[in-house]
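When the chains are written out, they are named A, B and C in that same order, and each has its own residue count from 1.
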Amino acid sequence: MQLRIEPRVTTSIVIQGLAPIIAVTMTLVLGGILFAAMGYPPLETLWAFFIEPISTIYGASELLVKAVPLVIIATGLAIGFRANIWNIGAEGQLTIGAIAATGIGLYFPDQQAVYLLALMFLAGCLGGLFWAGIAAYLRARFHTSEILVTLMLTYIAALILSWLVRGPWRDPAGFNFPQTALLPPAGLIDPIDFAYRVTGSVYFAIFALIAMWFFVARSFQGYKLAVGGAAPRAARYAGFSEKSAIWIGLLTGGAAAGIAGFFEVAGPLGQLSPIISPGYGFAAIIVAFIGRLHPVGILLGGLFLALIYLGGESVQLGYGIPAPITRVFQGLLLFFLLASEFAVSHRIVRVKEAH
Amino acid sequence: MDLFIAIFTGTMIAATPLLFAALGELIVEKSGVLNLGIEGMMLIGAAIAFWLSFNGYSLGIAFIGGALAGMITAGIFAVVALSLLANQYAAGLALAIFGSGVSAMIGTGFGSTPVETLRPIDIPVLSDIWLLGPLLFKFDVLVYLAIALVPATAWWLNHTKSGLVLRTVGESPQTAHAIGYNAIRIRYAAVLYGGAMAGLAGAYMSVAYTAIWVEGMTAGRGWIALSLVVFASWRPYRVLAGAILFGGMTILQLHGQILGLPLPSEVLSAAPYIAAIVVLVMISQNRSRMRLDVPASLAKPFRADG
Amino acid sequence: MQAMTRRLELTNITKRYPGVIANDAITLGVSAGEIHAILGENGAGKSTLMKIIYGAVAADDGEIRFEGKPLGVHSPGHSRHLGIEMVYQHFSLFETVSVAQNIALCQDGRLELTALGDRIRQTAERYGLVVDPDKIVFDLSVGERQQVEILRCLLQKPKLLILDEPTSVLAPQAIDQLFEVLRALAKDGCSILYISHKLDEVRALCDSATVLRNGKVTGDVDPRQATSHELAVMMVGSDLPMTKMPKTTVSAEPVLRVKNLSAEPFGEKGRKLSDITLDVHAGEVVGIAGVSGNGQSELAVCLSGEALDPNSLIQLDGADIGHLPPDRRRKMGLAYVPEERLGRGAVPTHSLMQNAILTGYVRGLAHMGLVKKARARAFANATIDRYSVKTNGAGAQANSLSGGNLQKYILGRELSLEPRLLIAAQPTWGVDVGAASFVRQKIVDLSRNGAAVLIISEELDELLEICDRIHVLSNGRLSAAIPRGEATREKLGLNIGGATLHLPGSGEEPSDAAAH
C-alpha cells in the first residue's frame, strides 16, 4: 500500500467551511507556542488575547467598532477577488475617502447643514472610487498590473495625508500637532449609545453584506464577474466584457474602502492625523479570504480579525507584548488558511503499489 | 561638484538594496513563481541583521544572518505556495504582512541606538584619484557585489544549463517535469535564493544604509523591486538601469531641500512611487513584447502528478 | 526470424482505473526494424498502453520484456536509458528557447551548443529532416516542431520509438515526409510503435498491426493484407450507422456572409488570415477542412466576435456584425462550439447549471439583470437528458466530466439555443464513436430545420460525411468550395497541402519547402 494525495473534484459546503476553522485553530495553537517562547504563560496570554477583550459589553462594542470597517471593505474587495482582480490598495482608498470626507466636513460653507453627513459620505465614496479608478483605468487601458498600482497609490495616499495634516489642513489651534481640526458636530456620527463608540455604521456593514450576497448570488453582473475570474477565456467566449469586469472589480473595493474611511473619520476619529487606520485595508484582504469570499464568512472573518486587533492592544497593556503581534497573527492566519485550503481540497488515497 | 558626487554616490547606495531584491525576485519569477512578499522578507532581514549588529556581532555575520532570515521566511512562502499549491498572490501578501509584524516585534527593543555601519572600501591610490576616486572607488563592498551580480545573473541565466533549466521551468513546469526535471525542487531553490537576496537587501538597509532602526524602514522598496522586475521585462541589465533610476528618485528627496526645490518634502517622497506607476504603464502598453518576456507559467501553481 | 528474441514483448498487460479496464490482458510483440501499428478509436486504451511501455504509468498485471529482459517497475528515464523513446501527441518543447537548447535539456553534461548543433545537423541530414538548431521553437510551425521532437529522440540512438498519433497535426505532404523518415529509421533497425486511428495511414506505413477496442486486443493483422472495412469492424465492433443527409433546400440569401475578411494572427501559434470570402445559407452544412494552425482559430474568433474587425464585411441575416461583440452576435442567433471545451466552452469549476447560463443567457436564463437559477437548472437537465451526458446531474462541476461528455453537453447547450447560425470547431473530437455519429446527426438535423451550420474540422472523413459543401483553409487562405459528391479525400488533401506549396513566400515554411 502506498499513499497518494489527489485533488477532490467536488467539495462540499461543510468542507469549505472547515478550512477557516482549521486555520483559526492552528493560529491559536501556534500563537500559544509563540507566547510560551517569548516567556509568557501561554494559556493565560491566549485568554488575555482572545477572551478578555470581549468579556465586557464595552469590549464587545469595541469589537464592532473594529469589525465594521473590515467587513465593509472586505465585501467590496471580495467582489473584485471573485473576478480575479487584485486590489490590494484598499488602505490607500480608505485614506483618500477619509480625506475627501474630512475636506467636505471642514470646509463646506454651511457647517450646520443637516445633510453635511450625507455629503461627506458621498465624498468618501467618491474619493475611494477615484483612487481605485486610477488603477482600473490603467489596467483597462494599458494592462498595467493593478496589484502594483494600487499598492503604490497607497504609499502616495499616505504621503498626501501626511502633507495635509502637517501643512494646509493643520489645525491652527492644535499646538502644532500634525492633525486637522475636529469635524463640526453636524459632520460627526453620534454613537448608538454614548457609553460606547459604536455608530450606525454597523447597519451599513450589514447592508453591505446583504448587497454583496445579492450581487454575487443573484445578479447577472455578479455571474459575469465570477466567470471572468474562474475562466477568462470562457468569459471572452460568452461575450462578457473584460474591461467592465476590471472596472467593477476595482471600483466596488474602492467605494467600500472610501466609505469605510468616511465612517472612521466621522465616527471614532473625528479628525485626521498622519495615521488613521491600523491597516484595515490590508486586514480586510485577509477577512475576504478567510470568509472565502462569501458574505457570512466575511462577517465571521471580520469579527475574528477585529478580535486580533483588540487582543493585540490587550496583551500590550497587560503583558507589554509589542503591538505588532497583531500583524504577526494576521500573517499567520492567512498562511494557515491557505495551507488548510489545500487540506480540504485534496484527499489522501491509497494506491496499490506497482509490483 | 561635491553635490554631484554626493548625488551620484547616494544614488548608487540607494540602488543597492533594490538591486539585490529585484535580482533575487527576477530569478524567482523566471522559475514561474510570483512572490509578492519581498517587503516582508526585506524587513525581517533588516531586523535580524540589525539585531545581530546591535548585539555586537560582526557586520559579516549580520549580513549573513539577514540573508538567512530572508531565506527562511521565503521557505514558509515556498511550502504554502509550491507544496500546498496556494494562490501565490495571497501567499505573498501573507508574507508581506507577517514580515512587517515580525520585524516590528523584533525592533521594539532597539530604540534609536545606532549600530556600527559598513564602511566604504579604501583602495590606496585608486580611491584618491580626483573625481574618479570618490565616484568609483569609495563604496562599501556590497555596492560592488550588487553591481557584479547583474552580469553574473545574466550570464547564468543565458549561458549555463542550470539557468536554461530554470527558465524552462518558468515557461512550462509540466514539460520540464515530463522530460525529467524536478520542477518543484527547482522552484523551491529559486524562491529560497530570492528570499536570501531580499534578506540581504533588508540587511543592507538597516546596517549599511541607515544604521538606525525604524519600524517599516524599507518603506515600500520591496514593492518597488517588484515593479522593477516588470519594468526590466525580466532582464538583469535593465534591472540595473531601473534600480539606478529609482535610487536617484530616493536621493532627490534627501537633496531636494539642498537643491532648493520649492516643493513639500512629501512630493519628493512620492516621486519613486509615481515613477513606478509611470514606468509600469509605459512597459505594459506594449503587450506583444511583454508576452515573449514574461515567464509563461508565472504565478500558476504546478502539481507534479497529473 | 522466429528463433530470435523480439525487441519488445508484452504478455497479458492489464491496467485498471476506477470503473474501467483501460488495458485488458494485452499481448503483442515487435521485432527489430518492424513498424508496428496500435490501431484503435479514442478511448480504446492505446495511450495507456504506450505509457506503460514507456514507464510513465505502471501496469497492474502482466510482463514487459525488452530485448528478452523483463522490465520491472521502470521510469521514463530508465526507458530512455535502454533506448526507448516516445514522441507525444502534445509536444514537450519549450517555446522560448532554441531547438539546440531544447535538445540539450534532454542530454547529460554541460551546455555545449556548437558541438550539439553540428550533431543535430548531421543527424537531420541523414534522415532527411529539416531542423535548424539555432531557431527559437516559438517561430516553428507544428510540423517543424514535430521534426525537432523526433530528432531529439534520434540523437539518443533509440531501439524503439513510440509515436502517439503523430499525424493529427500534419498536412498531407508533411505526413509523407514523416513516413519517409520512419522508414529510413526502421531500415536502420529501429523498431517503431505507431499509434493511430487512421486506417489508410496504418495501411500505407506499417508492417503489422494490433487492433484494440475497449482495452482488449481484437485483432493481430498485416494491415497491407486487410481491407479498410475489416480493420474498421475490428476497431469499432460493428458497422456504424451513416449520418442521414436528407435533401435540403437552401435559402436564397446567405445567413452568414463573409467578404474579404483579413485578420492578424491570434495567439502564439496563429496564422494571418487573408481575404476570406464565405457564404453559409440556411439549410446547409458548410465545412472548413484543413490542419489546425492554418487560420482556423482566427476565423472562428472573427466569426464569434471574440476578435473584432470592423473593416471586414461579416453579415448575419443581412445585418453587419463585424463590429459587434460576441454577446450581441449571440442575441442575433449565433451559437458557437469552440475547440477547447474546458476553460473556454465551459468554466471548469462551475456546475453544469451555471455553465448553462454562460451562453443560455440569450434564451432567458438571465433576465432583467438577474440570473434565473431554476430555469438554468431545467435547461441543464434537459440538455443532459437529450444528449445522454454521463454525469451526476446539473450540479456536477464541468471538470468532473470526461472530455467527450463535456463536449456533448456544450454542443447540446448550443443546439438547444435554436440558433440561426451554428459554428462548431472539431465537434466530435475525443467523443466516442457511437456518440460522435449521434452528434453529427443532430448537426445535420439542425441545418435541415432551417439553420445555417459551419463546421471547422481536421477530420476529413467527418466533413465528407456531413457537409453539403467543403472549403479548405490553408495558410490563412480559403479555397473555393467543393460540393458534396465531388469532394473526395484526394481532392481536399491536395488543397490542404497545395496552397502551401504554391505560396510565393514558402521560405517561411521549411517543413513544406522540404516536400518539394
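Convention: contacts are C-beta pairs under 8 Å (C-beta built on N, C-alpha and C of every residue); 3 or more make two chains touch, one makes a residue touch a chain.
Just so it is clear, the structure is predicted and the values come from calculations on it, not from any experiment.
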Centroid comparison with chain B (C-alpha atoms), farthest chain: C
Pair of chains ranked first by number of touching C-beta pairs: A-B
For chain A paired with chain C, centre-to-centre distance based on mean C-alpha positions, whole Å: 48
Centroid spacing, where centroids are CA-atom means, of chain A and chain B in whole angstrom: 28
Chain B and chain C, separation of their C-alpha mean positions in angstrom: 46
Chain C residues within the chain B interface of the complex: 76-77, 88, 92-97, 101, 104-106, 110-111, 138, 268
Sites on chain A touched by chain C in the complex: 9-10, 218-221, 223, 226-227, 230-231, 233-234, 236-241, 352, 354-355
In the complex, chain C residues that touch chain A: 58-60, 72-73, 304-306, 325-330, 336, 338, 340, 343-350, 354, 357-359, 361, 366, 369-371, 396-397, 399-400
Parts of chain B lying in touch with chain C, wherever the complex brings them together: 159-161, 164-165, 167-168, 171-172, 175-176, 178-181, 291-292, 296
Of all residues in chain A, those that touch chain B in their complex: 4, 7, 86, 88, 138, 142-145, 147-149, 151-153, 155-156, 159-160, 162-163, 167, 279, 282, 285-286, 289, 322-332, 334-335, 338-339, 341-342
